[in-house]
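Following this line, the structures themselves.
Here come two complexes built around chain A, the first alongside chain B, the second alongside chain C.
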Partner chain A sequence: MIPLRHQALLVAAADLRAERRTGEVAWVAIPFGVVALLVIPMAIGIDTALLARLGSGLFWVVVLLFGLGVTQRQTASGSSAHDDTLRLLGVDPAARFVGSSLASAALLLGFAGIVGFATVILYDPHLASWWILAAVVALAVAGLAMVGTITGAVARGIGSRTTLAPLLAAPLAIPILLGATQAMEGMRQGAGILRWMLLLALVDSLVAVAGVLTARPLEEAAG
Partner chain B sequence: MSPQNLVELAGVAVRRGATPILRDVDVVIRSGDLVRLLGPNGSGKTTLLRLIATLTSPSAGTGTVLGAPLGSATVGAVRPGIGLVGHQTGLRAGLTLGENLRFVAGLAGLPNQAAETALQRVGLHGARHRRVEHCSNGMLRRADLARLTLGEPTLILLDEAHVGLDTDAVALVADLASGVVARGGAAVVATHDASTVDNATRTLMLIDGSVRERS
Partner chain C sequence: MIRPLEMAAVAALVSALVFGILAPTDVVQGTVQKIMYVHVPSAWLAYLAFVVTLIGSIGYLATRNLRWDHRAGASAELGVVFTGLALATGSIWGKTTWGVWWTWDARLVLTAAMFFVYLGYLAVRRSLDDPHRRAARVAVFGILAVVQLPLVHFSVVWWRGLHQPPTVIRPDGPQMDPPLLFALLLATVAFTAVYAALLARRTALAALEDRLTMERATSEPVAGAAVGRPEGGAP
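Let's look at the complex of A and B:
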C-alpha cells in the first residue's frame, strides 16, 4: 500500500476535483454567504460605526454557518458504496480524515477569502494587520474543516447523513468561533491576541488528534 | 484454517436491530470455487456478501475471510484482496470514469496506464471523459468491473452483477469470475435468476437468511 501521506493527498485531490465539477462551494455557499452579509446592514440600518464594530463578528458567523455546510458537502452527496470501495482498497481511515480535511480547508480558505473581501467592502471593519488576520483565518478554517470531517463521519456512522452533522458540528465549532472573534476584536482594539491564537492552535491540535484516533472506529461503525 | 479455505463461516448470524437478516450460516468457500448464490429479493444475499467482504460484522457466530477473523482489526490487512461490486456503483460522483479509475489505481500504487488498460478491457476507454452522473447503469457496472480488475483480488463478490448489462458485458462478468478462479481465488455471484452463472462450480441457496448447498 502507498504511504499515508500519498493516500491523503490523493483523497484531497479527488475531493477538490469533484468540487470543481459540481461547484457547490463556488455557486451555492459563496453567493449565499455574501448575500447574508449584504442583507444584515439592510436589517440594522446604515450606521457605519455600528457596522464596523459588528463586521468581524458577522464575518465569522457567516464563515461558521456556511463553512460547516461546505465541510458537510460529502456527507450529503457521498455514497456508501464509494466508502466501501475505499475501505476495500485498504485506504487508511486516518488518511481519509486528513485528505478530506485538507480539501475542506482549501475550500474554506477560498470561501473565507471572498466573504472576507465582501466584509471589508460592506462593513469596513478597521483591520490592523493583514498578516495576523491571515493567521487567524488559517487556524480557524483548519479547525472548522476537521470538525466538519469528524462530525460528517459520526453522522454516517449513525445513519443520519444530512440532518445531524451540522447539529453535531456547531457546538464543537464554538471554541473556534470564540477564538477567532476575540482575536479579531483584540486586533481592532489594539489589545493582546496571543491567548486567542493559542486557543485556536490548541483546539486545532485536539481536533486533529481526535480525528486521527477516531477515524477507524467511525469508519467501521458506518459499515 | 487450511490454506485453500478462503472463507469460513460457522453459526454466523446478522441482525439489524431486532430483525434477523442471516441466521446460523455455515459456509466454506475454497480456492477454485465459483459460487452461485441464489435467493429471492430480501433473502439476505447482499448482507451475506457484505459479511464476506468484511464490511459487516456478525452479530453471532465466528468466521474468517482470507485468514482474518471477522470483526477483528486484522480484516483491514486482507481487504485489498477482496473485490465487491454491489447494487450501487462504487465510483465517486463528480469525477469522470477515467479519473475514478486513476484514483483507484493511484491508491493501489499502480500507474495511470493501468486505469487506461482496465477501461479498454471493459470497452469504456472512449467514455473515459464522461462523468459518473452522465453514465448509464450498464456503463457504471462495466466501470465497476474495470475497477475490480485493477487490484487482481483473490476473492470477488458480485451482487446481481448481471442486472442492466448487455450480452458482451455479461461475458465480461464470466471472464472476470473465471480469471479469479484460475488464479487460485474464488468468486461468489449473487443472483435471483437461476439461469445465470451457468459455469458455477457450486450453488448456495439463501432463503429467509439461512444458507443451503444445492447439489
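Let's look at the complex of A and C:
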C-alpha cells in the first residue's frame, strides 16, 4: 500500500502534467487576469496616486476571482473514467483532496506571481516587505486552492458546474480575501498584521480539516 | 391541519406586534427604530437556522439517515429567507439613519456574503435528484459554510464600521431600556416559534418530495420493457 503522502504527491504530479498538456492556466487564466488589471483603470480613472493605493486590493480581487477559475480548470474536474480509475487503484479520497489542492496551490502561486508582477508594473503599489507579502500570498493561495477543490468536488457531475462552483467558492473565500487585504493594508501603514495572518492560518486549517474529513463522503456521492 | 406549535407561533407573533407598537418610541431615531423588532430577530434566526443546517449536515454524514438532510435543507431555506429579511430591513433602517441604502461596512458585506453562500447551498440541492447523492454533497458544503457565522457575528468587534456593536449579548449586560428590551425579546421568541413551525412543515414536505422522487424512479420502465410484441402484429 502506497503511503498517503506519496499518493497525494502522485495525484498532484498527475494534475500538473495534465495542466502542462492543456495549458489552461498559462494560456487562458493568466492572460485574462492581466487583461483585467489593464482595463480597471479605464473604469476608475488614471489618477496614478489613487491607482498606487488601490493596486494591492485590485491584485487580491483578481487573484480571488480568476484564481477560483484556476481551481475549477477543466483538468482538475476529471472525467468519470478518470474518477473510476483512481477509485479502482485504491487512491485514498483524502490523498486525492490533498493532491488536487497541492496542484491548484502550485498553479495559483504561479498565477499570483505573474499577476503580482503585472500589478507592480502597472500600478506601482507601496510594498513594505517582500517576505511578508510572500507569506501572505502562500497562506491565501493555500486556502483558495482547498476551497476550490472542495467546491469543485461538491459540484462535480452537475450540469451547471462551471457556473455553480465559482458561486459556491467565491463567498466562501471572502475570509481569505479579507485576511490578505487587511494584512497588506496593515503592512502599508506599518500597523500590526499578526492577527490577519492568524485569521488566514485559522481559515486554512479549518478548510484543510473539513476537506480531509469530507473527502470520502464526497467521493461516494460522486460515484 | 393546524398544529399546536403553529397556533402558538401565531399567538406569539400577534403579542410581539402589539408590544412592539406599544413600546416607547426611541428619542433619537423616532418610529423607524421599531424596525429593530423585525431586523434583530431575523438576524438571530439566520444564525440559528444555519447552525441547525450544520447539525443536520453532521447528522446525515454520521448516520446516512435522510431525515437529517431534510431538516438541514429546510433550515437552510428558512435561514436564507431570514437573512434576506435582515438585509432588507437593515437597508431600510440604514437609509433613514445613515442616509444610504448600503454602505461598505464589514457586517453588511459579510452578511450579504453569507446570504450568497447559502443560496449556493440551495442551488446544489436543486441540481441533484438522487436524495443520497444530494445529501452527502450538500452536507459537506453545509459544514464548510458555517465558517461565515463567527465572522459575521464578530465583524462589528474586529472592524470599526457604521454598524453598532452588540447591544444585548455583551459582558456588561444589555444596553437598552427595559420596555424596549422586553419588546425585542418577545419578538425574538415569536420569530423563533414561527421558524420552528415552518421548519417542521418544510421538513415533512421535503420527506414527501424525496419519497415521490424515489417512487417515480422505481416505477419508470426499464430498458427491457420496451422490447415486446408490437401492437396489432401477428399473434
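Here, the second predicted complex is superposed on the first by the 214 of 223 C-alpha atoms of A that agree within 3 Å, B and C clash if a C-alpha of one lies under 4 Å from a C-alpha of the other, contacts with A are read in each partner's own complex, and residues count from 1 in each chain.
By our rule, a residue touches a chain if its C-beta (ideal position, glycine included) is under 8 Å from a C-beta of that chain, and two chains touch if they have at least 3 such contacts.
From a predicted model like this one, the values you see are computed outputs, not experimental measurements.
K.L.:
Would you sort A:Val203 into first (chain B), second (chain C), both or neither based on which partner it touches?
P.N.:
After superposing on A, A:Val203 lies in contact with chain C but is clear of chain B.
K.L.:
Once the shared chain is lined up, is A:Thr85 touching chain B (first), chain C (second), both, or neither of them?
P.N.:
first
K.L.:
Let me test your reading of the model: by the given contact rule, A:Glu19 touches which partner, first (chain B), second (chain C), both or neither?
P.N.:
A:Glu19 contacts chain B only, not chain C.
K.L.:
Between chain B and chain C, whom does A:Pro171 touch in the aligned arrangement: first, second, both, or neither?
P.N.:
A:Pro171 sits against chain C, while chain B stays out of touch.
K.L.:
Just to be sure I read the superposition right, which of the two partners does A:Leu4 touch: chain B = first, chain C = second, or both, or neither?
P.N.:
neither
K.L.:
For chain A, give the residues common to its interface with chain B and its interface with chain C.
P.N.:
220
K.L.:
Which chain A residues qualify as touching chain B in the complex?
P.N.:
Touch list, chain A to chain B: 1-2, 6-7, 10, 14, 17-19, 21-22, 77-82, 84-91, 216, 220, 223.
K.L.:
Which residues, counting only chain C, touch chain A once they are in their complex?
P.N.:
Spelled out, the residues of chain C in touch with chain A are 61, 106, 109-110, 113-114, 116-117, 119-121, 123-124, 127-128, 132-141, 143-145, 147-148, 151.
K.L.:
Report the residues of chain A in contact with chain C in the complex, numbered from low to high.
P.N.:
Touching chain C: residues 147, 150-151, 153-155, 158-160, 164, 167-168, 170-172, 174-175, 178, 203, 206-207, 210, 214, 217-218, 220-222 of chain A.
K.L.:
In the complex formed with chain A, which residues of chain B make contact?
P.N.:
It is residues 50, 53, 55-57, 76-77, 79-80, 82-84, 86-95, 99, 103-104, 106-109, 131, 147, 151 of chain B that touch chain A.
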